[in-house]
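Structures incoming, each one as structure tokens.
Two complexes are shown next, each including subunit A; its partner changes from subunit B in the first to subunit C in the second.
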Partner chain A sequence: MFWHNFKNCTAVILKGKTTIFWTLIFPIALATFMYMAFGNLMEKEEMFHDINVAVVSSDEESQLMYVIDSLSEGDDSLLNAEKMTEEEAKKALSDETVEGIIFADEVRLTVNENSADASILEGILSSYKQNEYAIKNIIEEMDGMPDEAFIRTLTDDIMADVSYYTEQSVSKGNQSLYTNYFYAIFAMSCLFAAYSSITVTGNLQANESGRGMRKCISPNSKLVFILSEFFSLLVIHSVVEIIAFLYMKKVLGIDFGDKNPEILLTLFAGCMIGLAIGFIIGAVSNIGMEGKIGIVTAVGLGLSGMADLFVNGVKHAIEQHVPIINKINPAALITDCFYSLNVYDDNSVFFQNIVIMAVESVVLLLIAFMMVRRNKYASI
Partner chain B sequence: MQVFKMFFKVLNRYKGQMIMYMCIFCSLLTIFIKSNSGSKANEYADEKCKFAVFDYDGSTASKALISYLEGTNVRVDKKDGIKDEKISMQNALYNRDADVILRIPEGFEEKLVSGEAAGLIDAITIPGTKNSMLIESDLDGFINMTGMYIKAGYDMATATERACTALAETAEVSLPDGENVSKHSNLYTFFSYLGWVMVCMIITGITLVLQVFERKELKDRIECSSYNFLNFNKEVVLGMAATGALICGVFLTVSLILLNGQIFSEKGGMYILNMLCYAAVCMAIAFLISKLTAKKEVVSMIANVVSLGMAFLCGIFVPVDFLSDGVIKIAHFLPAYWYNQAAINIDFHLDEKAGSIFSAMGIQILFAIAILIAGMVADRRKRA
Partner chain C sequence: MSTVIEVNNLVKRYKDLVALDHFSLKIEEGEIFGLLGPNGSGKTTTINCILSLLSYNKGEIKVFGKEMKPTSYDAKKDIGVVMQNVAVFDELTVYENIDYFCGLYIKDKETRKKYVEEAIEFVDLSDHRKFLPKKLSGGLLRRLNIACGIAHKPKLIFFDEPTVAVDPQSRNKILEGIKTLNENGATIVYTSHYMEEVELLCSRILIMDKGKKIALGTKDELKRMIKNTETIKVEVLGLETDYLEKLKKLPHVYDAVYEEDLLQLYFSGGKHNLIRVMEFFKENDISFGRVTTELPTLNDVFLEITGKELRD
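For the complex of A and B:
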């Protein structure tokens, strides 16, 4: 009987193509839009690239010009400096083709807005002034005029470009915060699998549909109905999520790391919990189909919103203040699986999340079963 | 007005989703308005980065270095509980709680005095970011300066003190004359995000009602009744317009509460006009969708794809400056782009670009007409 129901449910869902189509199109379309909007945002906003700067100077041989030229040369250059007249420089700044104007004679800077690039430019000019001040200060405070060799040692030290730090990275994974949005798309898409399960649960209740009436008078156990239909939907939605994942990874080229089997397990567990939520909403017999759709939308969007779908950082803020919510919220668990696979070296957090999702799914399914079994209807 | 009344009876059944979108919108707006509440920047201010530091030396030099970095940047390890453990650091860096985590090893001061401090401090960061560069250059600047004073014969305490004095010298930085226009007003934030939520609300409300009128049995009954066909259509259109007006009214009330009456201004009036044009587009989209699908389950997904798609591509969620040229070209074919362009110009250039603002509104109306015609064609084809 299990397989008979499994096959029938699969056929019903696949023949109702629209729901499946939109369940698949939804994450793919959203991911595409987000990729078009966020694709290069980390590269543009956070990563350092040579800063375009206009230089206005009347003395090409000044010390500062020498510093600027040396910072504009070589593989580890910081600046892309171009000498201009004041008018040209102002026009370039207003057209935003340069980040700032360095007035070399006055060691002064004009920038369009407060930004990291502006601070880097300011740091370069300030550093020049600071070194000049320090050397003067040392000479002034010394007894007698220091010899030329000593002054040369000091200036050589300044120009030596020594780094006192060693840069280290603690994670090999994708460090773009914007990837959180793609994790949240998967979370929402998995939770929206609930649309299918409310339809299926409607077919189990005599007050909802003709199919429900027939199933209610059949001698089959409701548990068999629920389990067979649950597994049928689980297979279909897992395939849908895998297609969406392959699209994001292969076509859009989003970096989810290389732990593909674990990611597939996450999607499987995500569909499980999404469907289980749908079963429990669908099992409430005194709410109409429209109401159930509304609840699924509200639950899916609400939980995914708490897992960074709309605003990045919500999940992290919850983690800092009420971490228990993230340990229960299925959308947060799904995104946390992706996050932990991407950032951490070991999989302990990932497995912990999978176990919580599995337990939640089983509990929700059992409650749904308790709600639909032995229902009696005074009048239909 | 039977049909008109029925329109609202059906709408009443679907109000839940509309209220939900309204609640999400209000929560987001409250967060954005709070985070945007600072005054406009008219003076240059240095970018402060977040750093954590673990000092295993505890010497005069390391304490002076930390004290200097605390003055120029923001130290976060105490507040956010960042620990010298891999997972804690991974979380802190990924979530941007810290831009750099510094580890000063034992023996730092001795090596600084002997001139062997190069590469000594661990800077754990996301390599290549601008913010990490800023802190690292502050760190290098301080150690370099202290080293110079030590070479000149000063003791460590005096050297660090003199280094701090020298590092207080800064170059003069100015912003161009006139008001800095890089920051949007709260009124703009409100009406910009409206471009996303209004589509959701109108589609989930109006499409579901129109779908009910499209049900075959109901449609057949209405068509064979004595009720005038023209009156039926008039009342449906009136119902749609009334729903749109109701939603706009709710938004205006929310704006009054959230923005303390800023709407009562010339800019506010233009924003309202722009909103009405966009509401017409949203209603046309809702009409088109009702002709394309009869499935209630998919309306919510379509509403989300359409609204979020336009929000991402048209500069509502991500500023237009960050979008690529290709995306901006595509966005020209979407009504939300013109809605957002009008909103940007109202915020920044109300007087200079009044013509562009009205053109953008006109383009929205043209979009509404085109989408409406597409809906009618779809309906005609379905009937045929």
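For the complex of A and C:
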């Protein structure tokens, strides 16, 4: 039964053509438009470089010094900090050999207003100030010697913050900031896989179609129908995303880095959660196909909007006020997967996001099953 | 013979509308059971309740002797339904549609293949097996709908108005087919608002209106329930009222109507009614046109019990 229904669902979607056409055309067309729009910018954009900064400090062991040191270390350093006296620093600033001066004792910044990097320095300081209290506590607890891992997370946080403030990628990878927009396309097209789900659930509900009636009167459990159709759509949409990915990578030549398996896993998990959301919406009876299309569109755009896919800053605002939303919003999880693959060497954040999406999908599917299981309808 | 379907005191409401009002029926194995009623009388609602598709407010439903529930897979295995509205996948061909729906019942591939072929043969769609539904005419589409409902060789088959909007040729094929299915052992529940079909096909008929049972029996039993046994119609120009009054007094006549040059005489019993009418015309030297005599139909039964025509 599982395979029989799996094959049928696959055939119906593929032969239906419209669904598959639009799900495929959406990411490809959008990517092409963006590529044409950004084409020149993408080439001209300079890779991120360390910012020269002068540091004036009387205390080698201050908390800010730890952070500055850590931001100046390693391959992915953000700063090139040099200790100077106040006079030396001022001279360096006026000579433009440094972009700014950090007065560590007062946590104050003087920047060359014309400098392009001024906003990043301001970002670092303001992010530091926001976390100052927490940092102070922790450093005191640790008896003045914070450990490596702690400083590491702290600087990662600051880097992430800074990229919000400045709308610039501070990644040291080879990727340009425009790559983020292509990630956004993936997130949206994964969420819009939900359109296929509602087509399929419409064919499963007796009150929505005669086909659904036939399925309901057959001697089979709804769970088998739901699972087989879910997996059929999962395969179809994963292939669609892979095609879109290959198109962007090979044809448009967009550099997605070298973590291909992880990217594919992200797309797979993205399709899973997008489809599961569609199954829930599809399982609601009595709102009709138009209603469902409307809800899928609204949910897709809403979640994408909350994940900064249209305007920057929303996700950050959410992070400040209701951070849990970013931990469950699939659009945020998908873009965060890409982002973390790009920024962190270590994949733990990435895997955490994947697991959250998988768990959400299972929960949503179970709820959808509960909703359609009661297969007696009040009205047909 | 065993009881296949038993419905007791079924009540189904759609919000304020009472679609089934303490409705009961019992269908025996091997019957072609007719549910006859005008549009909106509750035929489809009855079927959907029996199939456990619809929830209902009150009553009991047993199929094959067991309470029917959405999870009564054992019973569902042996049920086939030909729905009122064509229910197929527009994306799939004739063959693929039948194969898919048959596969919801028949797991074994070889058996399924055989059954699908037989179903295609049965509804005479062999030349159209690769056609998409949208390329089929109304009649052929109905036949595909039938094939999808019966390919798995069910023991109990519901036909919900299978001949609506079907050309006479397809219609005859469908009716013949239903007879064959019954001869091969299937119990049939057939709904229609066409009394001629029901009369032709069904071993027992339940007439319903507004969700209630009005009458139940074989067609002869039903006709015996009413006063009318014969209606004689005579085309005659300018019949005088005198004569009409005299005609009303002929033996066995219980009513006579003269409208638009047509005389209608209603009889209850009597063996030589037509001869008596002809003699009356001869004696009084009245010239007349066409004469017809009609036996009562189920429409008359419906008319006499409900006071309205069966047809819409």
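Here are some notes:
The working rule: the second predicted complex is superposed on the first by the 236 of 380 C-alpha atoms of A that agree within 3 Å, B and C clash if a C-alpha of one lies under 4 Å from a C-alpha of the other, contacts with A are read in each partner's own complex, and residues count from 1 in each chain.
Here is the rule we use: contacts are C-beta pairs under 8 Å (C-beta built on N, C-alpha and C of every residue); 3 or more make two chains touch, one makes a residue touch a chain.
Quick caveat: nothing in here was measured; it's all calculated off a predicted structure.
In the superposition on chain A, A:137 makes contact with subunit B only, not with subunit C. In the superposition on chain A, contact is made by A:19 with subunit B only, not with subunit C.
Greater residue coverage of subunit A by touch, when subunit B is weighed against subunit C, goes to B. By the touch criterion stated above, A:219 is placed in contact with subunit C alone, subunit B being left untouched. Of the two partner chains, neither subunit B nor subunit C is touched by A:50. Shared-chain residue A:154: touches subunit B; no touch with subunit C.
Within the superposed three-chain model, A:209 lies in touch with subunit C and out of touch with subunit B [touch as defined at top].
Contact with neither subunit B nor subunit C is seen for A:59 once the two complexes are overlaid on the shared chain. The touching residues of subunit C, when paired with subunit A in their complex, are 14, 48, 51-55, 70-71, 73-74, 76-77, 79, 81, 83, 85-89, 91-92, 96, 100-101, 103-105, 107, 148-149.
Across the interface of their complex, subunit B is touched by residues 18-19, 22-23, 25-26, 29-30, 33-34, 36-41, 44-48, 90, 93-94, 106-120, 122-123, 125-131, 133-134, 137-138, 142, 153-154, 157-158, 162-171, 175, 177, 192, 195, 199, 288-291, 293-295, 297-298, 301-302, 305, 310-311, 313, 316, 320, 339, 343-345 of subunit A. On subunit A, the positions that touch subunit C within their shared complex are 1, 4-5, 8, 11-12, 15-16, 203, 206, 209-211, 213-221, 374-380. Subunit B contributes residues 13-14, 16-17, 20, 24, 28, 31, 41, 44-47, 80, 86-87, 89-91, 93-96, 102, 117-134, 136-141, 143-145, 147-149, 151-152, 162-163, 165-167, 169-176, 180, 182, 204, 208, 293, 295-298, 300-302, 304-305, 308-309, 312-313, 317-318, 322-324, 326-327, 330 to its touches with subunit A in the complex.
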